[in-house]
Amino acid sequence: IGGGGGGGGPEGLVVIGYPESGIQLFRDYYSASDGSEEILVPDGMRSGSMPGQVGNDMANVTGTAPAAGGPNQETFNQLFEDEYDAAPGVFTSQTYDSVAIQLLANAAAGENSGPAIKDQMRRMANPGGMTVGPDNLVEGIEAAANGEDIDYQGASSSVNFDENGDPAEAAYAIWEFDAENNATSSVETQSFAGENPDGNGPSADSGPGGSDREMSVGILLPETGDLAAVGAPMIQAGQIPVMQVNDANPAGLSVNAQIEDTQTSPDAGVSAAQSLVSAGVPSVCGSASSGVNVPVSQQAFIPNEIVGCSPSSTALSVSNLEDNDFIFRTAPSDFLQGRVMAQVMSERLEVSSVSTLYVNNDYGQQLSERFANVFSDSFDGEVYNQVAFNIGESSYSSVIETALSGPEN
Amino acid sequence: MSDAADQPVEDVANKVDEGALGAFASGVDTSVDYPLQVEGLEKSFGGITAVDGATFEVESGTLTGLIGPNGAGKSTTFNLITGMLKPDAGTVTFNGEDITGEEPHQIANRGMVRTFQIARELSEMTVLENMMLAPKHQRGETLWRSVMPGVRDDVREQEEELLERVWEVLDFFDIAHIAEEYAGNLSGGQRKLLEMARALLTDPDMLLLDEPFAGVNPTLEKKLLEHVHELREQGYTFLLVEHDMDLIMNNCEHVIVLHQGSVLTEGTPDEIRSNEEVIEAYLGGNV
Amino acid sequence: MSVRDDFTDRIPGGDAGLIVLVLLATYLAYVLAGFVLGYTLRGQLNSIATLTFYIGVFAMLSLALNLHWGYTGLFNIGIVGFMAVGVYVTAIVTKPTYVAGGAAQVGGLGLPLWVGILAGMLAAALLGLVVALPALRLRADYLAIVTIAMSEIVRFSFLSGELQQFQLFGNRVGFGGGSGLILDFAPPLEALLRGVGLWDAYLGFVDAFQVVVPRNPKPVVDGLIYGLLLLGFVAAFYWLLKRTGESPFGRVLKAIREDEDVANALGKNTDRFKIKSFMLGCALMGLAGILWLVPQGAVTPNFFRPRVTFFVWIALIIGGAGSNTGSVLGGAVFAAVLYQGPRYFQNLVTAVFPNLDSPSGFGQAISPLISQFDPVPFLLYTVDSIRQLQLVVMGLVLIWLMHNRPEGMLGYRKETASVIPLSRPKSMTADGGDDDSVRTDGGVDAAAEGGETDE
Amino acid sequence: MRGLVIGLAGIGLSMTYSILNFANFSHGDYITAGAFSGWATTYLIAGLGRADIGALLLVGAGGSVYGGTLGIGVLSTPLAVVAGIVVSGAFSIALSLAVDRTIFRPIRNEDGITLLITSVGVAFALRYLMQFVFGSDVRGTTAQPPSVSLYFIDGTVFINAHDITLLVVASALMLGVHVLLQRTKLGKAMRAMADNKDLALITGISTERVVRATWIIGGGLTGVAGYMFILWKGTLGFNDGWLLLLLIFAAVILGGIGSIYGAIAGGLVIGLTASMSVLWIPSAFSRAAAFVVMIVILLVKPSGLFSGRATA
Amino acid sequence: MSVDANTDATSGAGVEGRDDVLLRVRNLDAGYGDLQILTDVDMDVFDGEYVTIVGPNGAGKSTTMKSVFGLTVHMGGNVRFKDEDITGRRPEDIIHVGIGYVPQNDNVFPTLTVEENLEMGAYILDEVPKDAMEAVYERFPILRERKDQKAGTMSGGQQQMLAMGRALMLDPDLLLLDEPSAGLAPDLVEEMFDKIDEINEAGTAILMVEQNAKEALRRCDRGYVLANGQNRYMDTGTALLEDEQVRQDFLGG
């Protein structure tokens, strides 16, 4: 039994969360409402299985997500499909880029050392030098090992880091669920370039390089827990550059990748990170959710001088970490996504009153906040309620009821 | 019930006589001294009135028997006096102070300690630990005293003193050979002994014993009784619930008969023995 | 009947010796594992530090729990609640005051860490009081349910958006909702060393350590020293609780565990004793929580799921409730074998058999086993899922212990609740009865003698 | 609605609590186990021929099949649902008997706390074993069921077919148990055993038989409750039962341990508290509110609201 | 006339010769956990006989009773009833062969009413025998008065009567009574003993443990003295009462 749906509620809903709880949440939503609200969801919900799991075609839902809008997106998609026989999911291209750039930096640094790799990150990523992408990653590694300068052009974006270690430009896809095919389809892509699309920030001028050694890299992503569904394809994507290098052995280099599971939980994440530290990994691709990324960076990466490059942690707080420049990410900050969402809500969906439902963690809290600010300040919209929900509940009827009710309840 | 109600009036007169006798027995005071006074105690459970206006006094330094048919309310009276239950009405006075409704530990600390009809030993503690627990106001019972270096030596000293007494009492009750045993492994009778010994160690002025000899082997019972008399002569006061009439008649100075929750009569054993009502209600003609 | 003759009796140094022995064995195993995994010296030290950290944390927690359950018989399954309150209060008191634009959403009162820790312990103790006052009269299993519900209430409160931020003494503070709090203040080790003026000396030592670990030795040294610090706390907890237990105070607690009415009837104010014991235990749990989480740099409410409480219980039961030695040992074994062990095991397997592709689901894992009796995918999947199976194993260990060794790993320990040994004092003449005769009772004895004289 | 599930599952907990004298913390995972077994059946029947059998048996682990895609629902695939209910009950019975035989029986004479701790072990083992087999992801199990909308003064309320199914099944089962216990000697024997096990043994009550009967009734109800819970809420994950457990405890305690009507009423009260409290307090506290109600009851009337009313 | 315990019990004053033995316990070793309490205990009860066990606290009297009823850990020896070996059988079987047992403590169901307690006494029958219940009420009128009261709220003595009543519901051939008079008021003690006499006269054999030893020995046919988990004396009740040594050691002089 659900109430609401009557007059007085918002025209639109923003639902920020992850698929695991999203399934229950949307089920409860569809049994409490006739589906007349326009719903906007961000990256976290982009999972093709949602309509099947929810038992509804979810036609009133529109999504945004950092796009795999890079120059080499197609190449990557092909690589992924060849390897795993499936379409790549959200943040897979960012994961690929994160690992690839770390390997390049490692090759250029010539040693498995965090501080050395950190200095090479921007030299490999930002413009200047040989253009490398997923298709010629192996050659790129060889060049880097020879001390050449590289400009990595990624699967997700051109991968240029700004002074915070964030991507200097970003593209956002607007997508919809495709219930027929258990997939999502992009309908439009919007690009944003920051003030410095080429990125900036401290960087080494040259790299010693070196051949015939084993590079190591850690992959710290959720195999289980709330983000299991998103994490699994990301882990697969992260292994592609590793395989590419190990198959070709450029300049006698090989890769030893250590995979650990964050279980989408901060404490498990930290202790998994500690075990990477013990294993002597100089750089890590991870972790996925901001709630885990922040403590893991603070507790394990920064003090142990390990480079952390998250492919998907989008929360604003990651930019502000006191990180001695060890923390990077290939996913753009929600500072942008919040803006995109507000714009889509207002202009594309033509909605002027909304409530947000957000997962109760860094990501949800900050994105909801950011969206609400932009939506009301720049688009004259009205935000009725911002309702937090906790992951793993067995029913969300009560939060939905609050979200569907009139202003300030 | 109605005749029970006016019974006490008659008894008060009775008691003055007895009191003189009692005072003589304790040999100290000339005035009569009643450490325990119970006045109009009432308690009911749901529909059943277990104690119904019980009024009596126990004279200092005596061994007073509390008898009555099963279900007369003896154990309940004990529970009311010692604070395990709160009375619906009535007062309990101990050493001149009103203790009605106080917590059991407060009452125990005033010097009135009881034993339980069904022995309640602390099963996973040894007999020794059971005994060491009993003495009141141990220094080490405050947290910081038992932990702080330095201060703890005081505690140690006191423990050593206590331990000697404990062993003496264990010897006396003939349970020294099971001192290291867990109390839970004792037999029915051994538990009763332990319970009595433990109560004694609290150094009470007055002991309330609820059927302490039920299930105790007669040989030992005899020995214990001797000890009770010894203690009584030292000035302890005993209130004893017991069904063994021979025991009551041969050992008590004074007997109170409880019937349906109120005092049917009281007096010396001889008086009780010949009291028609008592025979009717309790003794059943075979004394 | 008396203390079970156990292998432990033969270890030199008694209980302390045993603990040291177990710790040494554990470390040895870890070093060996690290060796197989190809850890560098730095990696070895780091893994030892991590291990020590968890040993310390679980030992502290199970000691504190032992005070509740082992001594007083209070069935507390809300441990995480007290830990959470300890950490959060410490955070609010210690976090620097709010500045707009910083990484932290909310600020704190900006007081020194030791004030924060004391406040945290106090708050945990006070929460203990609030729970205890009404709930201590309840049966053990009801208290269990009340405490676990309380810990969930605490977690929900910290999660709630309403308490995300509020004003306290004119400062913007709060619990941060689901994203938790960033603990942006000096870690405990630094605070301690600065407090005693050894910080510079310490930094010097860290530099000197470069001989062993050439690059950036600080986190390694930090980890090791912090581990030692935790072990120091464990020792302090142990000392405190042992003295508490072996005292008249502890005796009353034990009596309460057995039969509260009796203790009460003997003149002990049982409520007061229970509350004291409960609050002390809660404060220690709070402290353990603080020492566990403050160095992590951030704290989120969802850390404090009931699961952690059960971890502590398993640790205590492994070691044996009622025994302080057992608690420490249980904490160590739990941390080393059940908590950290599986990860090492998994890494070892992958190190020994590299390049194995494990199936991605149970279905793919089991079907070869069924159709062609090929167990390999299943085994791979098993190793791959060791994190989940780890919890299965914990469950099974718990069941096994309850069946076979409910008194814990050490067997039954008689930790007598008194300051002095309770044997018959020398000063007393041993006039019969204290020899180790097999008599069951004085009465029997009398009879036996009677019977003999008769013959 | 959730109250009904809680009440239904609570009966089993309440029975084992009073007869075996311990708080069974693995009860929640019996719920989950029942649900998984039942839903595997439902998937199998509903999806036979349309999807891989393995995937169906694993209830679509790893997103291999979706209940929504299979169009599962009480009206669309009634046979599959009924079979699921039956299997979930049967499986839970088998499971609880098996666990009892291997785990609880050898320590039957220990005190309640020993059993409680053991049951925590069982809970852990069971829960993560299920995670091992079925994976950790939450899956949607049903297609959106048809619903009717009712208009109330303050808005529309939708009642769907699964709400009604739950109502009917739960009421029927509760009635059934009531009759069973009232009409047979079993009920009295159960209470006698709850009172004093040794004595029950001495009077010739086959205590083991009573225990078995308890598990059979309690386990069956629990399994069905698990199935119905999933049918009603539409998603299934390995943690579902455990998350419900504390609420069930709250209900059982509220109603008075050992009282069946108590468990039902307690379930309804707790369900209502958790959903109605949203009107007065922030939704984040709705679960907390249910616990607070429970704690207050425990403190004020530890024997529960319905204690003293002999019902079994 | 004290005789060595074991020879006495086994060769037993012509006891062995009788062929109407109902209960025969031989060389029984039993205890709890791995703690042995009884060593080589022998005991016989003949048809319709009235036997009392006395002995000091902790002697193993209750343990003997419990062992007959299958409630202890059996460690050796055997128990035969009506020529059937019942060693190690479970209580629920033993009750079927015609033995009733009233334990020393905790012998009622506290939350069941008095009447329900009595009904439980006849649990193994399909229907509650109304006449048996009536007979119990006749014997213990207080039980009828309190038939709807919860047993746990009755006084110690009342509970004792209820427990007796419950055991009589099945009209057993042998009734094991563990200290039936403990805690009873004197008139009730007499009454209880009278009732036991009556029951015995009606043909039920009695095996009883009593601390009220003198009274018990006076009334019974035969008595055993147990000490330290072993037989010590066996003789007719009166003979034991007159034995100086027994009086001294076990009967308080």
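Points worth noting:
For clarity, chains are labelled A, B, C, D and E in written order, and residue numbers in each chain start from 1.
The rule is short, and it goes like this: a residue touches a chain if its C-beta (ideal position, glycine included) is under 8 Å from a C-beta of that chain, and two chains touch if they have at least 3 such contacts.
Chain labels with UniProt names: B = Probable branched-chain amino acid transport ATP-binding protein LivG; C, D = Putative branched-chain amino acids ABC transporter permease; E = ABC transporter.
Note that the coordinates shown come from a computational prediction; the quantities given were computed from them, not determined experimentally.
Hopping across touching chains, the smallest step count from subunit B to subunit D is 2. When chain centres are set by their Cα atoms, the one at the greatest distance from subunit B is A.
Relative to the centroid of all protein Cα atoms, the closest per-chain Cα centroid is that of C. Put simply, the C-alpha centre of subunit A and that of subunit D have 39 angstrom between them.
One simple way to say how far apart two chains are is to compare their mean CA positions; for subunit C and subunit D this gives 33 Å. One simple way to say how far apart two chains are is to compare their mean CA positions; for subunit C and subunit E this gives 51 Å. Shared interface positions of subunit D, i.e. residues touching 2 or more other chains, are given as 131, 135-136, 284, 287. Contacts with at least two other chains are made by residues 35, 55-59, 248-250 of subunit E. Each of the following residues of subunit B touches two or more other chains: 185, 187, 189-190, 217, 219-220.
Residue ranges of subunit C in contact with subunit A, taken from their complex: 34, 37-40, 42-44, 46-47, 50, 102-103, 105, 156, 159-161, 164, 177-180, 182, 215-216, 218-219, 222, 295-298, 300, 302-303, 340, 343-344, 347, 360, 387-388.
If you check the complex, the residues on subunit D that touch subunit A are 1-2, 63, 66-69, 131, 135-140, 142-144, 147, 149, 152, 154-160, 163, 229, 233-235, 237, 239-240, 243-244, 274-275, 278, 283-284, 286-287. Remark: subunit C residues 1-2, 240, 243-244, 247-252, 254-255, 257-259, 261-270, 273, 276, 280, 414, 416-420, 422, 424-425, 427-428, 431, 433-435, 437, 439-443, 445-446 touch subunit B in the complex.
The touching residues of subunit C, when paired with subunit D in their complex, are 75, 134-135, 138-142, 144-146, 148-150, 152-153, 156-157, 159-162, 310, 313, 317, 360-363, 366-367, 385, 388-392, 394-399, 402-403, 406. Within the complex formed with subunit C, the residues of subunit A that make contact are 113, 115, 224, 232, 261, 263, 265-268, 270-272, 274-275, 277-280, 290-291, 294-295, 298-299, 303-305, 315, 317, 320-322, 359-366, 386-388, 390-391.
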